[in-house]
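This structure is in structure tokens; I'll ask about it shortly.
As written, the chains take the letters A, B and C, and residue 1 is the first residue of each chain.
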Amino acid sequence: MLNATVISQILWTSLATSSYFVLFALAFALVLKVNKVFNFAQAGMMTCGFYAAYVAVRVVGLPGPAGFIAALAGGAAMAFVLERFGFSVLRHRKASPMFVFIFTLVASQFITYAMTMIFGTWPTTIFASMFWPVTLVADVAVSAWDIPAILATVAVLSGLWAFLRFTRYGQFMIAVADNADLAELYGIRKDRVLMVSMLIAGLICGVGMFLYGTRAQVQPAAATELMLFAVAATILGGIGNLWGAALAAVVLGVVQNSSILFIPSAWQGFLLYAFLFFAIVLFPSGFRLPERSKALKRTVAAPVIAADGKGG
Amino acid sequence: MDYVYTILILIGLFVILASSFDLVIGHCGLISIAHPIFYAIGAYVSAMLAKEGGMPIPLAMLAGGAAAFAASVLVALPSLRVSGDYLLIASIGFQLGLIEFAKHIHSIGGAGGLTNIPPFLVNTYGRVSYVLLVLAIALLTVLFVRWLTRGPYGRMMAAMRDDELAFSMLGRNAIWVKVSIFAIGSGIAGIAGGLYAHYFRFLEPDQFGLLQSSAILTMVVVGGMRTTLGPVIGAIVLQILPQAITFFGLPPSILGPLQGLMFSGLVLVFMFARPQGLLAAPDIWAGRDSKERRDG
Amino acid sequence: MTNRTMTGLSIGRRTALALVLLSATSGLALAQQASLKFGLAMPLTGGQALYGNDQVKAAQWAVDEINKAGGINGKKFEMVVLDTQADPQVGIQAVNRMISVDKTPVFITAWSGVVKAVAPIANDNKIVELSVGANAPDIAKLGDYVYTTFPLADVDIRAVAAYSAKEMGKKKAAVLFINNETGIGSAEVYRDTFTKSGGQVVAYEAYDQKATDFTGPLLKIRASNPEIIHLQGLVSESPQVIAQARQLGITVPITSYSGIYNPKLIEQLGAAAEGVIATSLAPGVEDSPAVKTYVERWVKEVGRPPNGLPYTQYLYDSPYLVAAVFASLDKKGTPITGENFRKEMLTIKTFDLPLTGKVTFADDHTVNKPVYLVEVKGGKWTGKAVVNK
């Protein structure tokens, strides 16, 4: 069982399938970093991206590339709606982070139900066929889906990097992520920057769902499961670190898949939570809900000492 | 009548869950949506103790509550010592992980669920007695939460919510208050779990997932956070509405998603049009945050 | 435990009396309502709705046919449909509603979790629960009022395992199953039967319900070099599992159960679907002209064949079974209660139904049926064999 072919096959396929997880984690981490929101409504953006592509290809009968554009448009459109009518309204009302979080959770469910009304619960794929031909490379099966998926992911990663590094809006996004109030003092229009960040996340979700939906069946509730993986990767990869989240998604995917060599396959799914648990226990310096982070740093220090004194 | 009794019992159970959840998220300001997992722990522990251990059911239910209490301390203590918000992720991880774990344990029924849980009261005194028991415990829970939040403990929680720094400067131990409230709320949910298990006599890990979380959350938000009657009204409204819809005779393919759409839609409407819920607690959503902004 | 027994003893007599009174009154209520109604609790929403909705449609057609042909001794035959979402708790509520609001003496339901969860309600209220489609083997042991008209998992899985070992001459089989109740139970049945029939199970792998990639378990199976693979999954991921198996160069026949027997599989997998063998517990288009007409009706009215054709055949037939019992009770003038329904159903014992043939209720709450094996050949599902036990 443990020979070179098996190991390289597992590594290759899990690398290829981690492509969409990387994208979902990236979108989640971006919104968390810039918009300071745990955006569980990302599942809604993902669902919209998928069904936009589905309608374009399966219902209207457009060719694949048009379906890809549709997926991008679907993801971005939902991102726009969420930001324009949700987050921005709540922000101006100075709603608490908990309130915003609840909003994302409920919005995500609302979108799922709406999609169920429209499309039913049939699991379906973007193309009628979900079988991709394979080529053997040194005994490792490489499917026609693998290479484009990896290339698309690399393209998105480098595109985002270049955007953040070299464009004005990219720099604005980083400034807002660092200190939104300060950025505003310097004349950066925060609302617009946050909208751009959401739209980018929507586009990334569109790419990810197009990849996923051409390989596996999707139904309205599927995106939530996929997103939880992204949440775990984001937490593992370090909050506020986009590339860390992306890397964590790859590592998680590969480890989860290769775990089959050491543990019964039924337990593979559980591994994700085991990781999450260890991340929480071992890296407790980790994470704060943004927005309030400054206030909390201050407030938390004292009680920790107090707790040590009394409890220990 | 069984139908009405079952709905009354569900209402009672959700009043218990919503009130105890409001204690945690509303009154104490702890961000966690993992309430159903403590409900699950109570249900499974009680069911197993009664079914396999032959323990008298009331004792088993209390043990279920105690198990939920203990488990919640284990989750809350490490995460709250880091930061209040860490609890959210830690508890979601705990919730989903434990559900996944339970699916793999055959002795508690695994993913297929635990059946033939011994019944309580119903076979000897009839269903009404169980309805009365659940409603009585629901009433007790509401009164207990009210007493807790209006007394010295409540003032402590309010002070802590409003300004944690000042609170800890006074020498008060914020972590201790938080952990104990979280544990009390979770313990109550555990008892509700026992009540569920011995009436419905069937448990399944999946029923305690995120969907259940948002159902309870919805009840609290729609009813009105940090009020005594808010969660009660939320639980009643959100239990009765979906039942009522089934009487309209809509085509079934729309009925299911329509229910979900109505509930999530209802919450969205509330969040934007009446964020304080049906019953309003003063300054519920904006208070703390605007204060922090001024400080920061 | 002691506590319960004691209270049980001390008030036993009073309760018994109350129960008698209660059941007498509720029986009376049922008789007065004289409803020739039965309940149908199916997943109309949620992940399983694609099957549930088609099954409800089939049952509705049957009810309409029965009424068109004069109903039950001239009385209208009615069906009350409620959604279970294939979720036990929702199922419990639905059945409670059915029993107390619609007062049906009998209801039909499916999906193992729901069938099990509502069994105590059926037994406590003396209402007959007919499980049509769920196949977990322990359904036979749920209580006096729970019957199935559908053969349980051991029947078709046993048939496919024995057929693979004996008729196809396969010596080494691999089993791949989803880690849920039906998956685990059926995989065990397959393993035991295949071994008993002289074969050897060389790999026995489960995958998680949320898995999106199956490379690992499939490689383990490939390494064990089986001559045949049995896949026990759900409709949502099974096509992808087969696709990945073929991509990894696994070309041996793949058997499964009735779940994957639908036309969509071939559309999704193309040539990769060749050699996939499914079971069907009902006669197919080629076996019965009635089924042929039935499928043609689907294509004409809905524009496609039904999802899970055999299940819809059973659902189409179940109102006929209920109607036959109702008719017999009605003719005798016996009040139509759950208790009488059960007695009458067991007295009639054997029913001849339009789309699935004869069904006989055995004393151990099971039914036995021939198993039809179908195989994808030349891009079409074609009959392969009929296994009679």
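Simple rule for what comes next: contacts are C-beta pairs under 8 Å (C-beta built on N, C-alpha and C of every residue); 3 or more make two chains touch, one makes a residue touch a chain.
Small disclaimer: the values here were computed from a predicted structure and weren't measured.
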Please categorise the chain-chain contact pattern as a line, ring, star, complete graph or other. complete
Report the chain whose mean Cα position is at the greatest distance from that of chain B. C
Taking each chain's mean CA coordinate, chain A and chain C are separated, in whole Å, by 38
Chain centre separation in whole Å, for chain B relative to chain A (CA means): 29
Mind checking the centre-to-centre distance between chain B and chain C? Centres are C-alpha means, answer in whole Å. 35
So which bits of chain C are touching at least two other chains? 45-46, 49, 179, 209
Could you check chain A for residues that touch two or more other chains and list them? 116, 120, 266-267, 269-270
For chain B, give me the residues that contact two or more of the other chains. 104, 253, 256-257
List of chain B residues in touch with chain C within their complex: 1-4, 6-7, 10, 50, 54-58, 103-104, 110-113, 115-116, 118-120, 122-126, 200-202, 204, 207, 243, 246, 252-253, 255-257
Where on chain A is chain C touching in the complex? 1, 6, 9-10, 13-14, 17, 116, 120-123, 125, 128-132, 134, 136, 141, 143, 212, 215-217, 219, 221, 225-226, 257-261, 264-270
Seen from chain C, its contact residues with chain A in the complex are 45-50, 179, 205-213, 215-217, 219-220, 223, 235-237, 239-240, 243, 246-249, 267-272
Quick one: in the complex, what on chain C touches chain B? 1-4, 7-8, 11, 15, 18, 22, 44-46, 49, 53, 56, 81-83, 85, 87-89, 92-93, 96-97, 99-101, 112-113, 116-117, 119-121, 124-125, 136, 179-182, 184-185, 209
Per the touch rule above, chain A residues touching chain B in the complex are 38, 89-90, 93-99, 101-103, 105-107, 109-110, 112-114, 116-117, 120, 224, 228, 231-232, 235, 266-267, 269-270, 273-274, 276-277, 280-281, 284-289, 291-292, 294-296, 298-300, 302-304, 306-307, 310-311
